[in-house]
Amino acid sequence: MDKEDLSFKVRQDTGVNVRECYQCGKCTAGCPVGERMDLRPSVIMRMLQSGDTASEEEILLSNSIWLCLTCETCYSRCPMELDIPKVFDYLREKSYAEGKVNSQSSDIVTFHKSFLNAVERNGRLHEMTLILDYKIHSGNLFQDITLAPEMYSKGKLHLLPEHIKDKKGFARLFKDQFKKRKS
Amino acid sequence: MKIGFYPGCSLTGSSREYNESLLAIAKEAGIELVEINDWNCCGATAAHNLNKELSLSLPARNLAIAESEEMDELVVPCAACFNRLVMTQHELSEKKDLKKVISEKLQMPFKNEIRILNVLQFLEKHIVPRLDQLVKSPLEIDVACYYGCLLVRPQNVMKSERFEDPMSMDTIMQKLGANPIDWPFKTECCGAGFSISKTEIVGELSGKIVRNATGRGAKAIVVACPMCHSNLDMRRPAIDSYLNMKMDIPVIYITQAIALAMGLTPRQAGIQRHFVPVNLTVNR
Amino acid sequence: MTEFEPKIIAFVCNWCTYAGADLTGTSRIKYAQNVKIIRFPCTGRIDFMLLLKSFGEGADGIIVSGCHPNDCHYTSGNFHARRRWIMFRGLLDMLGIDVRRIQYSWVSAAEGFKWADIVNSTVNTIRELGPYTEYEKVAGYLEKEANQ
Amino acid sequence: MSELIKKAAALLESKSVQVVIGYGKGTGNRTRTIFATQVTECENLIFDSRCVQNLAVYLTKLEIKKLGKPAIVAPVPVLRSILQLAVENQITESDLVILGITSESELIDFESFAAIETFLTTHKIEIEEKYTKTIDAIKAMPVAERFAYWVKELESCFKCYACRGACPLCYCTRCTVDDNQPQWISVASHPLGNLEWHIMRAMHLAGRCTDCEACYNACPMGIPIHLLTKSMLQDVADNFGSYGPSLDKQNTLSSFKPDDKESFIR
Amino acid sequence: MSKIGVFICHCGENISATVDVARVAEAAGQLEGVAFSTDYKYMCSDPGQTMIKQAIKENGLNGVVVGSCSPRMHEPTFRKACQEAGLNPFMCEMANLREHCSWVHDKSEATTQKAIDLVRTLVEKVKLNKPLFSIQVPVTKTALVIGGGIAGIQASLDIASAGHQVILVEKDPSIGGHMSQLSETFPTLDCSQCILTPRMVEVAQHPNIKLMTYAELEKLEGSIGNFKATIRKKAKSIDEDLCNGCGTCTTKCPTKKIPSEFNTGLGMRTAIYVPFPQAVPNKPVIDKENCSYYQKGKCKVCEKVCPTGAIRFDQEDELVELEVGAVVIATGFDIMQPSGFPEYGYGKYKDVITGLQFERLASASGPTLGEIRRPSDGKIPEKIVFVACAGSRDPAKGVPYCSKICCMYTAKHAMLYQHKVHHGKSYIFYMDIRAAGKNYEEFVRRAIVEDEVNYIRGRVSKVYEENGKLIVKGVDTLLSAKPVEIEADMVVLASAAVANPGAEALAQKMHVSYDSYNFFSEAHPKLKPVETNTAGIFLAGACQAPKDIPETVSQASGAASKVIILFSKDELSRDPLIAVVNRSPAPVFSTCVGCFMCASACPYQAIGEELITNRQGKVIKKVAKVNPGLCQGCGTCVAFCRSKSIDIQGYSNEQMCAEVIALLNHE
């Protein structure tokens, strides 16, 4: 494994040695979103094994890594006990940091960003803030337009957020970490 | 003994009824759940998808707070929060250098030793032993116990033995007088965090779950996770559109089932907050 | 100053650990050079006097290893050896001879990995404990006398 | 102890034995060992609290054996040694007559070794608290300090082997310390040789020692070597249950249980 | 004066790649007492051995150290070479420079230094070696064969046909083993029972074979040539001499609902039963666990209907002691129950079965008389999914190794299914097709091309039931890992072949080594595949590792030939590495004081008493004495002896002490 290889970095960060994968495909077979993926989990493992730069780029640009639900089914059944979700976490973080998020996944990533924005702001998630932030950033202004009032009527939405008290200490956790990207 | 309680964000909002019913049954059983002070969001899926350090530091702050309040146990009813907290505890106990980094960020004493209980573990330990006295009106219906992903996987970290076919919720439901069915979708994924961003995926995955449960004769689906609940209940229109038919099977929290069996009113159990109407007297 | 290289002597039985160490070799698993093996027919043969002799001759650490309980080629040599180790270990401890310097283990003919692990972890332990200067001082008396 | 004298005399008289091994009055307040071969010599036999020497040591000595069949005055510690010697095939019942003495200084007859064993079940070896406390204190020292303590204690040993000579269980024809092929232990007295000698002596007594303290009593330098054997007695009890000689039980070290504790073995 | 020769082997490059062999030889040459030292490419080769022999003769060497591979590999080779040069073979020792040095360390100064240390240690040892002479022991020419499957049957027949006595012990009521359960065999598709049953009958009728069924090894003592085996004959509750095998009892027995082991639970048997119609011996046994009389004290129907009065309810287990000269272990294998894979639904869904169960379904003698019908409702399945590697090559939940036979039998299963259900569809999920064997690859190709079995490269993640179908969620990794879902009527799991549950206990009884999977270990993976590390005990068949039938039969014949070689002489020589009690001139005679702690510790009861008498015949001393025929040379007694009066030849106190000193002291 070359130090420049993505597989080497994966191993350093997650402890997963992709060479152990013998391509049985059980991860893909059990993946709830396998059908929808452009690169399926076992294929991504194979591409990582190849050490081929173009393949590595393809992985980071893929839709698959964002479609993964982290349901852990693949890991729980993998005969080699490879922690694929952890590998995907690493790939996602890298793809996001390098601005390589697949356009089809932008709503997923927007949602995650809105989520963390909301958390950073209040310390806890205020669902109303999240939904509004997501709507603005995703442009899906009319999605679930009837849902919010119904939730509100069932007492499931609060208009005002709760704040945590130790704002300073909490802000430290976000420092130098997750950057808001105004995209 | 003080039992610490970490509600998590959902329980203060979209899954209020889970919180209400849990506190109601704890009160019935004479157990005090002490909400830990100034807790924060666990970071959920978003944090571990985008930033590893945040995915560890956010849960770690809560663990450190619980420790500082000298809690022996911390009950985390939300399966997603539970999973993040346990994963963090595991990761930081395996990797000492990482723990050092996080501890420095927290600037709090942090031993990483607290015992974290999910709702089923909490019920088994503290409520089930008292159920014999507390069950007033048994629920005599066929139910499908749905565990989802986060309570059972990864099995080595969650310490779940029967991760393909868990039974702990089934056993509790049996004790409430219900008949839990044997079905193969107990731990299939519902679509989790895609509720808003990829609603159509939730419709498909949750639809398969609802279809199998209904097909096997269940009259209600019992859950222990706010995400599963909102996907199966609130996202029913997406499910119906995927299945191309209207499904009316209700989805209740295990804590609501216990509350009802204890004879509490549906309102006390928060049943009125559901999107799919709940009628549990079907096969009486 | 060069790094301290512990001198470690290993007393192993022919049937299990010696064969296990052979397997380590056949499997090309690497381990530290510090440990050198002396072959015995059985752990039952390993006289505590030889362990004592080893410290007297300058060993920093000792490994004693044989067949797992019930697996002894000679039925019960390892069981007898185990009793002897228990008593010997207790006595050494009472005398302040550091029992951490003697690693006892069971390594079967199939445990090539375990052998490498035992060797490496023992080398690390002894490296941390440092040279056995206390014993050397006692043992060195003779040499000093001869030199004078 | 007129009864003892009478009994001993009768044994010699009837030629049931050829020698009576017992305690007699020594110079000053001390006692000495008496080997009475004549009826008249029995008059000198005494028994009181000063009689602590372990007479069993003579049972395996060639010079004494030459005198013929012995009768031996045997208070409890001697009885224990006799039993252990029996376990080790060094004496047989027909070889000797035992003039047993209870802790209440009363004479007691033993028909067989088995009878001794039965008697000893009510006279179990017990390590006095003052010793257990000392042992605990030594074991509580940091390991290097403990080693230094013993090296210092053993410094005064000049290998007179009085400990060996006094021990009823050191009956080897040739002691390993005298073996030079190979030279297990160097003969000269120096720190390493002393340490090795005492380790070897203690190990050879592992599971055999009956805690008579003869070695310590014999040591001209007062080295607390009995602490080593006492500590090992504790180890025997902790690891294998009981200690003390037993005819049907084999020696601690020549027997085993498949489930002996082994927490220290990897 | 020692004149030692040191011979350092390069072992091709195996040693010389990391050890500076020339330096080792040079350093050895400078040791005191070393008269000759050299290195050579292959010491074990003919020129290498010649070099040793010449050096011995030319330099008058009286000791040899060969620094090469493990003595466990070539000690006999080099000792023999020395002997041929006129040197006592026990004056030759080996320093293990390969397994314990060059293979486990990188090339460095320290590695070479370690090699020098090892050589010096053995040089010091060999200086103290003494010429020893082999011990001759008589050979009992009876073989014990444990296990009556095809391996045990073949080994027994071969040994018996060579004219030696064989005792064949089988734990079940009949011989036949797993092979008798199989339907057809790959790659020829001949019927398993048709080729096996004649052999079974031959065993029963062979004058040299004594068959003991429903019996197990209880204890094995002694050593090569002279073992003493204790066999437990479990009570069959039948007088075998009186029973004529009419079968009336088995038809009348009222307890009929016991899952048949032979039919892997797919059929039922009675409490008094013959496992299968072709059983040998064809006489029933009573299964006490399930018999009404034994369990409830009432019934005795079998006794009433037996025409010969052969039922014996009071029969007890019997222990039989046998003298044997060699043992063949042929205890076979077992199938891993796939219940460790809950995702496959075995145990939950009746129509998810193992490969062995499929064999019974496909067998003409099976519960469906050879028709492929699914267990749940007896319907003929229209679609079958076979899952290969359902336990094998799965370190997480199964075994890491390849079970070797599954690829072939799964191809066979699919083929048999296609032959019997022409319109049916079969799918095989596989990872690799391992068809290395005569006509094996051709067989698999036939299944794919002619019988249209659908091979899908990928594993199955989950099997579950929906609407009466088994939904199999798999993947086709050859189509960009496309998820595949098949609605099947039956699923067959090729579960892993594992060691028998009793293998570990049996190995411990016989003191043979076994691997981490509890398969018995061969003495050398290549050159001694049928020997164990315990002389006189040989291996046949799948008890050593998963094997197919041809391989099993060849190994059985191999083991048999080893036994026949052993039996070809009346006496055999044993290494004289045994304990000896010292002797010295009068009046000491021996330093032994006769405490006999050695005797109580000896695992072989090899230590007895010797009475030393004076001229008048009076006993003056009782000392220990080793019986050289019984002593196995473990040396436990040596470490016990306080006066160092007992010592072991070849590992003597002097030698071991010299080794310790030499190992720890370099310049």
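Read from first to last, the chains carry the letters A, B, C, D and E; within each, the first residue is number 1.
The criterion applied here is as follows: a contact is a pair of C-beta atoms (placed from the backbone, for glycine too) under 8 Å apart; a residue touches a chain by one contact, two chains touch by 3 or more.
Please read all numbers here as calculations on a predicted model, not as lab measurements.
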Query: When every step has to jump to a touching chain, what is the lowest number of steps that links chain A to chain E?
result: 1
Mutual neighbours - chains that touch chain A and chain D alike: E
Task: Go through B-E and A-B and name the pair with more C-beta contacts between its chains.
output: A-B
Query: Centre-to-centre on C-alpha atoms, which chain is most distant from chain A?
result: D
Field: Chain centre separation in whole Å, for chain E relative to chain C (CA means)
entry: 31
- prompt: What is the distance, in whole Å, between the centres of chain B and chain C, each centre taken as the mean of its C-alpha atoms?
  reply: 53
Message: Multi-chain contacts only, two chains or more: what residues does chain A have there?
response: 73
Field: Set of chain D residues in contact with two or more other chains
entry: 176, 184, 253-255
- line: Listed in rising order, chain B residues that touch 2 or more other chains are 163-164
Query: Could you list each pair of chains that touch, in label order?
result: A-B, A-E, B-E, C-D, C-E, D-E
Touching residues (chain side chain C, partner chain D) in the complex: 48-49, 52-53, 56, 69-70, 76, 79-80, 82-99, 103-106, 118, 134-135, 138-139, 141-142, 145
Residues on chain A engaged by chain B in the complex (per definition of touch): 13, 32-33, 36, 66-67, 69-73, 75-76, 83, 85, 89-90, 92-93, 96, 107-113, 115-116, 119, 123-127, 131, 134, 138, 143-144, 147, 150-151, 154-158, 162, 164-166, 169-170, 172-174, 177-178
Query: Can you list the residues on chain A that touch chain E in the complex?
result: 22-31, 34-35, 40-43, 73, 77-81
Partner chain B, residues of chain E touching it in the complex: 342-343, 345, 348, 462, 464-467
Task: State the interface residues of chain E toward chain A in the complex, per the touch definition above.
output: 343, 389, 393-398, 431, 457-462, 473-477, 480-484
